[in-house]
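Step one of this worksheet: look at the structure below.
Chain IDs A, B, C, D, E and F follow the sequence of writing; residue 1 opens each chain.
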Amino acid sequence: MGEGPQGMKLVTAIIKPFKLDDVREALAELGVHGLTVTEVRGFGRQKGQTEIYRGAEYTINFIAKIKIETVVPDERVPDIIHAITEAARTGRIGDGKIMVANVEQMVRIRTGETGEGAL
Amino acid sequence: MHAIDTGDTSWMLVSTALVLLMTIPGLALFYAGMVRRKNVLSTMIQSFGICCIVSIVWIVLGYSLAFTTGTAWIGDMSRFFLCGIADHIHQGADGAFTLGAGTSAETPMTIPESVYLMYQMTFAIITPALLTGAFAGRIRFSALCVFTILWSLLVYSPIAHWVWSPLGWVAGLGAVDFAGGTVVHINSGVAGLVCAIMIGRRYGLKRDDMSPHNLAYAIIGAALLWVGWFGFNAGSALGANGRAGMAMLTTQVAAAGGGVGWMLVEWWRHGKPTALGIVSGAVAGLVAVTPAAGFVLPGGALVIGLVAGGICFYSAAVLKNKLGYDDSLDAFGVHGVGGIVGALLTGVFAYGPLSATASNPAGVSGGWSQLLRQVEAVGVTIIWSVLLTALIFWVVDRLIGMRVSSEEEQMGLDLTQHGERLN
Amino acid sequence: MHAIDTGDTSWMLVSTALVLLMTIPGLALFYAGMVRRKNVLSTMIQSFGICCIVSIVWIVLGYSLAFTTGTAWIGDMSRFFLCGIADHIHQGADGAFTLGAGTSAETPMTIPESVYLMYQMTFAIITPALLTGAFAGRIRFSALCVFTILWSLLVYSPIAHWVWSPLGWVAGLGAVDFAGGTVVHINSGVAGLVCAIMIGRRYGLKRDDMSPHNLAYAIIGAALLWVGWFGFNAGSALGANGRAGMAMLTTQVAAAGGGVGWMLVEWWRHGKPTALGIVSGAVAGLVAVTPAAGFVLPGGALVIGLVAGGICFYSAAVLKNKLGYDDSLDAFGVHGVGGIVGALLTGVFAYGPLSATASNPAGVSGGWSQLLRQVEAVGVTIIWSVLLTALIFWVVDRLIGMRVSSEEEQMGLDLTQHGERLN
Amino acid sequence: MHAIDTGDTSWMLVSTALVLLMTIPGLALFYAGMVRRKNVLSTMIQSFGICCIVSIVWIVLGYSLAFTTGTAWIGDMSRFFLCGIADHIHQGADGAFTLGAGTSAETPMTIPESVYLMYQMTFAIITPALLTGAFAGRIRFSALCVFTILWSLLVYSPIAHWVWSPLGWVAGLGAVDFAGGTVVHINSGVAGLVCAIMIGRRYGLKRDDMSPHNLAYAIIGAALLWVGWFGFNAGSALGANGRAGMAMLTTQVAAAGGGVGWMLVEWWRHGKPTALGIVSGAVAGLVAVTPAAGFVLPGGALVIGLVAGGICFYSAAVLKNKLGYDDSLDAFGVHGVGGIVGALLTGVFAYGPLSATASNPAGVSGGWSQLLRQVEAVGVTIIWSVLLTALIFWVVDRLIGMRVSSEEEQMGLDLTQHGERLN
Amino acid sequence: MGEGPQGMKLVTAIIKPFKLDDVREALAELGVHGLTVTEVRGFGRQKGQTEIYRGAEYTINFIAKIKIETVVPDERVPDIIHAITEAARTGRIGDGKIMVANVEQMVRIRTGETGEGAL
Amino acid sequence: MGEGPQGMKLVTAIIKPFKLDDVREALAELGVHGLTVTEVRGFGRQKGQTEIYRGAEYTINFIAKIKIETVVPDERVPDIIHAITEAARTGRIGDGKIMVANVEQMVRIRTGETGEGAL
């Protein structure tokens, strides 16, 4: 277990929804072949706009965000963080976060390949 | 028995279909669009179920109580289970109906009784359906069924008799209500307020996000209400005549005025006009023009609409919050308040020649004295509706329990009352 | 040629619009709400596409086969491509149509032929559209198009001629069908059953979660079916007359009875009344009252509705499971069974004075002998429908293949048949 | 003043309701189904808001400009705020209206003026609502409100006067337009094209996924457009007569033809018929038959539908891409092009006896000379519509700004213009 | 890599949907500034109710749940687990789970800050 | 912290949606008691079909996938990977991936049990 020669990381980015296409393109340019996207709602420093329905105010605590997950080889992590940061930044509050975690094993279901070969 | 007029009958058949369209799917969508996801199906099926139940109640007893001659207070039982309804049918043809036949105030029509009673049935259906907006998201379905039966017989039918039967004592006061401002809207709105207070506020109000699940449904619903309202108001002319034409025109203008009125107030107060606000305003305008439709000119209708749009904004958005009751979908805020605005303004804008009839050639004209009569009719409706609704609520609450448990409420009525869910 | 009646014509124009509304968007929504997400669009466009296709088939040939005089078995080709339809038009005005003109059984009307044929077109449209519920989720769109053309010409038009043409041999048996219990509902229901059996069960049935994707659509659809059914049934009086009034009333009562009937049975059997159950029951009541609408009194209609609601619950919920066929949306369970219930009960509850005409002044009254005639008509419809549907299915299956591949079925028809998806 | 006909009045009341149904909720749904999730509510409320606004504009000034006698170029102000509309009302009854009364070209009707003006109002409403498809997803709501008022008064009312007033100069050219091919469809389509070009393309076009959010809405919307179109076209006969019957029939046939036409072209070109394609084709067929409905026979209508379905496929799917403008929902591609196809083919297929009247007993027949007149009318409409639309756009853009900011566009109009969202 | 001085953990909680607001409030009181919420469906000991549509029974294997993810400094983990457990508990089956995993790096897209400064 | 005697892993599988029931059954047979499912969209080698709406072509970059997450004891991982691979494989491109990561702690909210007892 742990980081063998073929160490892989899971890079997770929480971004503003309308930046999805920009980030996807930036990652594709870096040669990232795969990623998985989830619609999430975020709670953070950025406060939801207050919506008023027939005079009832609803503070929308949770704001629509997109979560991107991609597993990549260890050594690509800094580049990828850089690329996401560039593509997803608007400079305004709520731009989101990038997290990196360790992945111990990866398998491609179709072929059974494991490790980096599965990416 | 005189012959029917096919043109008038045609229009009344259509009007019946249009008013039914208001409840299902119109109101069902309007209300369902404003609730949370977990209550969408139950909200819709409340309107649909009421449609089924009241149809049966109406033919069994409701129509007899409301529209047979009887006394000034209530009809008799001569149409119990619609007995005798086919007596005049000959080779599929029917004669024209006379309301209050044989009395001094008889009102001859040009359509068969079957059509008249079907048309009135659709009014009896929509009234309790409107009421459900007040306790959306926390009513037990079984209790609603029982409540609806009692309410239809003890609240709706009597008031309909008082106001619309030519012998009715409220009609005798000289108040006018073209298409149901008091009988339908004030009545359901006020009853809704009573229910909202008695059932209590929704769990998590002011804390949880209770924003509407799908306002697209609410917009479609409001649009169908608008279209169907032509049957409600122009149909109340009971024929395809000049009064129907004017009633349709004033209905349209007041709806437009209501939408614009609410929109402008909201723009000014919150910086943005909401879609829900515009459609709510249109509905408020429609409500307010209901008692007035066949009696006022387009200019008056525009004022009625604009005023109703503005005032209902305040009652739904400001007053409710101040007073703290949870009339969830503003049954009172829109239908009760809008109905009152309309009933009173009818007393201001009524135009004699429009409302004139053979028996009342001067017609009803706006002014202080008419306004007073309108106030009386409104007051009477409110008193009866409040007292009887409270009583019925109390009884059903004792017997079955009106409100679901807190956990059922949190899980949603779709799952707990009907075992279903939106996917 | 005598003059048309504008009131009757007005009502028939409206009825035509109402029956069209039943198919699009009514039935489209009712069915689409019950399928899985991946089949919503394809289910809707099946109804819409059938509407387009049958409209053309009808003017080219279908109307001629069904409603020109011809023989007792089939019409002639005298209205091929509607030739001659405008012969009597003079300065935009048209005379009134007589069905079976020149024969001993001619039926004079008060509306132009153009209106009559358009009204009948909407019936020809909805019948194959109803059928699609039986093989929802696994039919190939191209095959459906071809199947529809053949079925409309070889099954629908002949049966319509037998039952509704004054010369038709089934009409000659003395059976009555006011608005299409046999021609439309039994016919499509039985044909649906045949198709469901021949096409086989859905992939993953009983294992995968096939719960309805959006019952809100189903409720809206049922509501529009209900409203549109006024055109179907009250329109079948062919004018704005007393019979239309009674037909609308009985339609409403039976729909309500059906909704309440299914609801009560479900409450008793499963402890909860479902929204889908209530609306299904209302549709069952509407189906069952279709052959009866203009012939029975409101009390009879209530019984018809309640019985249909209860029995269709069993056929859809119990019988289908027992027998194991996959009539996905219960085309047979609701329309076939409900139609049979209604056709038979028409023979029980028919009330003479309502159904009387100048040529048959006694009218049709319920009783054993009438019941027998109804059984005959139902039997004849079933036999023809089963045989011809099976034949057409077999032929199209050979030529094109009725069923999509298993992978296409799993991916969903939206994507594989139309290249689209709900977002 | 002669008496009204109740049958005709009944049909015109219904037609009014049907045309309103086309805009709300028909068009609202049709358009909303094609936009992205973030713009669903704003798209719907644009149609709804326009309905409110134009209703008021119409009674204040629009109707006077369009339908009072005035000159060949424009009406006078004699119905400003509808003054005098109730002058002939006596005990709720009204006399029949005569358009252009007192002139040599007066057109007597059998319905009250209130009904005629309400019916026409629904046409005035739908025309600017159709236009909104061109700039969907990027228009500022406040600007749209102002634009609509100006456009209705300066573009719609004048053209309506030219074409439909018996004194109008375009009518004098001998061109015919049964129900609004030029006034409504070409006009809105061409204006839409101008707006699409002036406002510019959507942000991210050709890069982002702009696939329709919910085509189920689009199908429901198209279905309601279809049903409502019966009021639009058959209602344009202004009575329940033979011409109305034929117009309903040709409308149905052309819609079906359009759906099948587009479907076949798509099947051939892309291997699959899409649901959106079929419904778009049906709408194209409806558009194209609009000017022709009361003048052509069913065979001609079928050709018009098929041709329109095919051509509109090319204009929406091919031409738009080639030319590069972003007419987002094909207001021009379907309504503009479909309208032109229909206006021209009316000149080909018009059948004399159908269009004949007392004052023109030969009627209008298809042929080169009529085709030329149609070309003239189309040309005139296009020129005025282009010039004035561009001017109004430019003025409002200066004053308020027609387009939202790029960030607002990306966040969506629901949130930025109305502070709401679909949950 | 690994756990430096600014070790961070990803705490993931699967809870009943109607407990979301309670949990959010409890975490906010603890000073948790951000979290990300996903609608998920859970399969576990709690069995879905059997739904009956026109007599056809569907056992709903998957029950609607909410997943809350929040990245926090190492030392806050016990408090946070405690707070979530308290707020989300109903005592009935299906209350859900909390999982803790290691996060190696965290970046705030807006500013490029990393580590605990990015929280 | 870290991997004690009761080491647990988070196994995440991205699969084709229509394989969900098969995978759930396969895991249930292995005695996996719980899992959490999320609807995601994937970007990878499998390209979305081009959809054409009124002639406008939209390349659907993101394809609907299902993400399954299950926390299991260390030693079960190989079996579970095998079972998922078998059940989810169609042999065609886009079958998806399986990833394994370390989980440091697990709590059952209802009872407060931790570690493997919480599974």
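Criterion: contacts are C-beta pairs under 8 Å (C-beta built on N, C-alpha and C of every residue); 3 or more make two chains touch, one makes a residue touch a chain.
Keep in mind it's a predicted model, so treat the numbers as computed, not measured.
*Asks:* Which of these, D-F, A-D or A-B, makes the same contacts as C-F in over half of the contact pairs?
*Replies:* Interface equivalent to C-F: A-D.
*Asks:* Report which interface contains more C-beta contacts, comparing A-D against A-F.
*Replies:* If we tally the C-beta pairs in contact for A-D and A-F, the bigger total goes to A-F.
*Asks:* Between chain C and chain E, what distance separates the C-alpha centroids? Give it in angstrom.
*Replies:* 52
*Asks:* Just give me the whole-number Å value for how far the CA centre of chain E lies from that of chain F.
*Replies:* Chain centres of chain E and chain F, defined by C-alpha means, are spaced 17 Å apart.
*Asks:* From the mean C-alpha coordinate of chain B to that of chain C, what's the distance rounded to whole Å?
*Replies:* Whole-Å distance between the two chain centres: 33.
*Asks:* Hunt down the residues of chain D that sit against at least two other chains at once, touch-wise.
*Replies:* Those would be 5-8, 10-11, 14, 209, 211-212, 270, 274, 276, 419-420.
*Asks:* Multi-chain contacts only, two chains or more: what residues does chain A have there?
*Replies:* Each of 38, 51-53, 61-62, 101-102 in chain A touches at least two other chains.
*Asks:* Once the touch criterion is applied, which pairs of chains come out as touching?
*Replies:* A-B, A-D, A-E, A-F, B-C, B-D, B-E, C-D, C-E, C-F, D-F, E-F
*Asks:* So in the complex, the part of chain F that touches chain A is made up of which residues?
*Replies:* Spelled out, the residues of chain F in touch with chain A are 3, 9, 13-15, 38-45, 61-62, 65, 67, 77, 81, 84-85, 88-102.
*Asks:* Mind listing the chain B positions that touch chain C in their complex?
*Replies:* 4-11, 13-14, 16-17, 20-21, 24-25, 28-29, 32, 40-42, 44-45, 48-49, 51-53, 55-56, 59, 81-82, 85-86, 89-95, 111-112, 114-115, 117-118, 121, 141, 217, 414, 417-420, 422-423
*Asks:* In the complex, go through chain F and note every residue touching chain D.
*Replies:* Going through chain F, the ones touching chain D are 51-56, 58, 60-62.
*Asks:* Please give the residue numbers of chain F that touch chain E in the complex, ascending.
*Replies:* 1, 10, 24, 33-38, 71, 101-110, 112, 118
*Asks:* For a test of understanding, state which residues of chain A touch chain D in their complex under the given definition.
*Replies:* Result: residues 18, 21, 49, 51-53 of chain A touch chain D.
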